[in-house]
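Below are two complexes that have subunit A in common, paired first with subunit B and then with subunit C.
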Partner chain A sequence: MLSYILKRIFVGLITVFTIATLTFFGMHAVPGDPLLKGKVVNEVVRKNLEEKYGLDKPLFVQYGTFLTNMIKGDFGLSFTQQNRSVNDIIREHFPISAILGALAIIAAAIGGIIGGAIAAVKRNTMADRSIMLLVILFVSVPSFVFAALGQVLIAEIKTRVGVELLPVAGWGTFKHMILPSLILGLGTMAFLARLMRSSMLEVVHQDYIRTAKAKGVSSLQIFFRHQLRNAVLPVITFLGPAVAAITTGGFVAEIVFAIPGLGRYFVQAVQQLDYTVIMGLTVFYGAYLVFVVILVDVIYGFIDPRIRIAGA
Partner chain B sequence: MMTSKKMGIDFFSFGVKLTLGVALSLSFVSESSFANTKAPKTLTYALLTEPPNLDSSQATDSESFFIVGHTMAGLTRYDDKGNILPAVAEKWEINDKGATFYLRKDAKWSDGKPVQAQDFVFAWKRALDPKIASEYAFILYHIKNGEQINQGKLPLSQLGAVAKDPHTLVVTFEKPCGYFLGLTSFATYLPLREDFVTQKKDKYASSPENMLYNGPFKLTKWIHGASLRLEKNDKYWAQDQIQLDVIDIPYITPDANARFNLFKTQKIDLIQALSKESLANAQREKFKLKKFSDGTLFYMQFNFKKGRPTANKNLRLAIRSVINPTEFVSRVVSIPGTQVGVGLVPSWMKGNQQSFRKENPIPVPKQNLAAAKEYMAKARKELGQTTPISLVWLTGDTALAASEAEYFQNLFKTALGVDLKIDKQIFKQRLSKMRSGDFDIVSAGWGPDYADPMTFVDLFTSWNGNNHGAWFNDQYDKHVRNAMNSVDTKYRMTEMAAAEKIFMEEVPMIATYERTVMYTHSDRIEGVVRRVMGADPDFTNVRIKE
Partner chain C sequence: MSSLLSIRGLKVEFSTYGGTVQAVRGVDLEVHKGKTLAIVGESGCGKSVTVQSILGLIPSPPGRIVSGSALFNGTEMIGKPVNELNKIRGKHIGMIFQDPMTSLNPTMKVGDQIMETLLIHGRYSKSEARARAIKLLEDVHISEAKNRVDHYPFQFSGGMRQRVMIAMAIACEPELLIADEPTTALDVTIQSQILHLLRELQIKNKMGLVIITHDLGVVARMADNVAVMYAGQVVEHGTAEEVFYKSLHPYTLGLKQALPSPAMERSQLIPIEGAPPDLFSPPRGCGFYARCKQAMTICSDNNPREFYEGSHMGRCWLHHPQAKGVEV
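After this line comes the complex of A and B, so read on.
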């Protein structure tokens, strides 16, 4: 088991290194100039700025400096927020994205698993059809539409009825987190519901279910003990990458709900060609994703004995 | 079964107790903290983006100017009509050689130490220091040796600004400057205290405790990306005139709908600019709408580099004749009250006595399809092109930029037979392509750096690095140079008007519109000032109605 984990970590490191390298050269190949602003500065000032960020050196030297600093865990100063380091940005804003992501995943998992299971058990009834309709809606309509709709709804209720159900935007209390995390989780919830439904349908027809029924076990007990437990396995596999994707992909919700998460900084950095922030966040996100995927694979071995690594 | 029910009841009563307890303790807290004082008079606001840099010598954007403008005071300030008033400088003497500022003795930093003449000298030298690489250093070039220092050719000590004594600041000009006084309220001209800034090094202005303030408010909280809070500065000399206790900024979002909904739920007191969609919603909700022209001129600029068809004057004239500015503004920009672009100097700019445009009128351009056809025929002949002329239209990635591009694409195709290839780019890439001259026509805008027509006229001189279309005209340059070297307002305005006349004949660009925004604020506040220059919106003199 240990050698397997070590091997996975080694491959993971190579993955992160490859991501970093490709992003580095890709980013420099994009036309545009991170030091450009609305106004032209004189050549001396320009030269000083280039020196400050090391842009005066050949690209491969810059790459070398970047790698050495990356190993030291230093991603340098942001180009746009000149007195903040990339490390500060990650430290201050990732926890917010992580909380938002975690809540979104919890909401998605609960909603998806229960919704999918109900749809499967009540196959071809109104309940099934309405759940599947919602699934299609949540998968196909982008989250910013729901984000805007949610806000409009709250604002309307506030003006018409005078009751403020949830804050329209902002961050700080648990109330602020409810709407954005729900909306962030909608897509995943829908996907999970579909996955759960098909997996459940398979389980429903298994022999052990018939046996349980024959033994006179109540249908609720069959549902929770036998069907749900066995059908949930593929869902867990999917949850791993989903955790990573959601915690790193919340920028739409972050912008609409004025949440100071990391995703917002990433998008802004790409738009403004903020080289240091782009590199720092890409490496950070890449490493995080790789880590979560490895973690899920290891945990999966514990949950399902059939998957346990050969020879471990 | 029984157990769960009992538990439910227990939970319920626990919940009630908890809520009551919290409510009681909350009311206790709020009473105790405001026992002797009234509730602070607070205005709430949402910023579009996080201020990237609050270091006044390096700030370049409107969000940073907004904060700095509320927390700092310069030598002078503008009133709500654009007149220059004393601030840290009580009085001054100014001529074409230089200026002497006499500073008030009761101006203090937020730590209680006095604001002195050397604080200005230090700030200016710092902004000009090539190592600091301030983008706005050029605005200090009017001070003797400023440009040479910024280029590293002279040491900082050679700057023509000296503190004669702690309350007398003597400035020597590089050459006469007719609008110097107006510059002294600009962020780059604000004072900085040497001991404090040196001690903080590159952390200066990164957080509230790493900053000093000498203005009406001080920054007391800054959670990056999330919120800021400004509180009244009790060390400000005119603090008894400031009625607001707190400017609270609990939200930062570029999303116009989010800001609209925050306003609708009474979470913020003002929306600085309504988007097209939220404008319609605001009208439906019957919000009181106000109009504000932010001073920015938008235009299409032609490329004069060799081989570009737009270097042909008849082609440019054909394009100008085909445009119906009024239709363009109402159909594409469609923000009520938007001014049609006329010349190079926007309509709000002050001239000698009144508005520059009124003193130097230019007829509002009109569509003339017959003339356009004639110009186009000539252009085709001169360019020797029988196949349709194809032009690259470089523009930004906003919704307005897209609809503008499509509007002109359709117009040029049907009326002139000219194909427009739309090259839509994000801000940095568009700038980069502008700099390298990778366009035939670029849709661009220019916001003023100071309240003088020169900030626009200077843009098209041969020596200006922002003249991306590379249009060079000796006569134009001559008139602008004459205006630059004089302090006689009347003469300067005449020279700039003469330059503009040449400009209108040669058509290096066509002004499309002057940006206007519609904004709204809550009924509980009054005294909001919108400014083209400096902190906008300016909340300094806001009163909260009881």
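After this line comes the complex of A and C, so read on.
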């Protein structure tokens, strides 16, 4: 198991390095000038700034500097935010994005697994059809639409009934987190529900379910002990990519709900061609996602003994 | 002799896209305390469906028990609500399924799977149940049971899994054990061990045993009574001796002739020509008519009734008084 994890980490490092390199050259190939957005027109100021950020050097020298700094864990200074280092930006704002993402994943996993399992057990009934209808809706309509609709709904309830169920936007208390994380998780929830349903339908017809019935195990116990665990395996494999989907989806949710997370800075940085922030956040997110995917695979091993023990 | 299980007029259908399959067409069977009934017949003749309907294990839909009764210790099993059935399943009737590779939950330790039965039906604490699970694994001759109890099914060979299935089925010392092709998937050595084990348990617990098999060798070794099934019906029923040595039905005869012996060459195998009838629309007459070498005119349109020689039953017109003189 340990050698497996080490191997995965090694491959992960190569992945991150590739991401960093591709982004670096891709970004520099994009037309535009990071200093223009800061309205630097004076030639002298521009020269000083270019020197400060190392932009006057050849591209490959810049690349080399970037790599050595990255290995030291230093992503440099932001171009557009005065004297703010990328590391500071990550340190301050990533926890907010991480909490939002984690809550969204939890909501998506719980909702998706339970919804899919119910749909499978009650297949071809009203319950199944309603759940599958919602699934199609949530998969096909982008989350920012539901975000806006959710906000409108809450505002309407406030004006009509006079009760503010949840804050419409902002960040701070747990109440602030409920709506954005639910909405952020919807698409993934729907996808997981579909995955869970088909996986569950397969498990329901397995021989070992019949064995459990023949032992006199009640339907409820069969559901929890025999069906759920076996059906959830393929769903867990998808959780890694789901984290990626939710993290990137989070950029939009953060803007709609005015949440001071990392995603906002990412979008801003891309718009303003803030080289260091783009590079820093891309590498950081890349490393983060690679880590999560490895983590999910390790967790999978613990749930499925065939992988855990065979790999040991 | 007291009757443990008595099936009368059981009819089971399956609705499929192609139409309704009449899988079981009026089956009567009797199992006595401490005795073994073997059910033989080719694939698709309704053996497994018959025994699974007793425990309400027919997937429904598509399956449906049309009519019939199955009395277990005098109580009706057909149509019993599931929560009532659950008190009998595993406790009074144990069941072993034919495919040991897929019949155990792959993500649950074998010990936990055995303990599950014990904890549902018996008054065991967790640790007592565990001790009993280890004892049961020892009973089915699994070595190092103390370690093995914490292993997963994929760490067991096919024969060992089948023995785990048996341990599970006998955990609560059921009065009736139904073994659906318990040895079909196994090699001969393990097959012999498992049959021996079933015999041991039967004597120890005075258990009634229903054994479903294709293998006439197993029948000869295990059975007190034999029921031969064909196309959803019992075509011959009697003691093992009667069925083997005084066969009343041409199909039973065909089965016996098809048995290979070491003295025979490969080319000398005598199969029963043809295929069983389509149970989407079963023939009006005898199900075996098309393949029978002794078929008579009456057989094509009239399903034979049961003819008895003492308690030995054969469902064949050859035993009608007017057909006397014809040798089966």
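Here is the rule we go by: the second predicted complex is superposed on the first by the 299 of 312 C-alpha atoms of A that agree within 3 Å, B and C clash if a C-alpha of one lies under 4 Å from a C-alpha of the other, contacts with A are read in each partner's own complex, and residues count from 1 in each chain.
The definition used in the following text is that a contact is a pair of C-beta atoms (placed from the backbone, for glycine too) under 8 Å apart; a residue touches a chain by one contact, two chains touch by 3 or more.
Only a predicted model underlies this, so the values are computations on that prediction, with no experimental measurement involved.
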| item | value |
| --- | --- |
| When subunit B and subunit C are modelled together on subunit A, clash or fit | fit |
| Dominant toucher of subunit A (residue count), subunit B or subunit C | B |
| Touching partner for A:R264 - first (subunit B), second (subunit C), both, neither | first |
| Subunit B versus subunit C as contact partner of A:F24, first or second or both or neither | neither |
| Subunit B versus subunit C as contact partner of A:F94, first or second or both or neither | neither |
| Which of subunit B and subunit C A:F66 touches, first, second, both or neither | neither |
| Centroid geometry (CA): angle subunit B/subunit A/subunit C, rounded to a multiple of 10 degrees | 160 |
| Gap in Å between nearest CA atoms once subunit C and subunit B share a frame through chain A | 17 |
| Touching residues (chain side subunit A, partner subunit B) in the complex | 30-34, 36-46, 48-49, 52, 77, 80-84, 89, 92-93, 148, 151-152, 154-155, 158-159, 164, 167-171, 255-261, 264-265, 268, 271-273 |
| In the complex with subunit A, residue positions of subunit C that touch it | 55, 57, 59, 82-83, 85-91, 94-95, 97, 99, 102-108, 116-117, 120-121, 152, 154-155, 165, 168-169 |
| Interfacial residue positions of subunit B with respect to subunit A in the complex | 46, 49-50, 52-53, 55, 58, 60, 130-131, 133-138, 147, 150-152, 202-206, 223-226, 250-255, 257-258, 260-262, 264-265, 267, 285, 426-429, 431-433, 435, 464-466 |
| Interfacial residue positions of subunit A with respect to subunit C in the complex | 205-208, 210-219, 221, 225-226, 229-230, 233, 303-306, 309-310 |
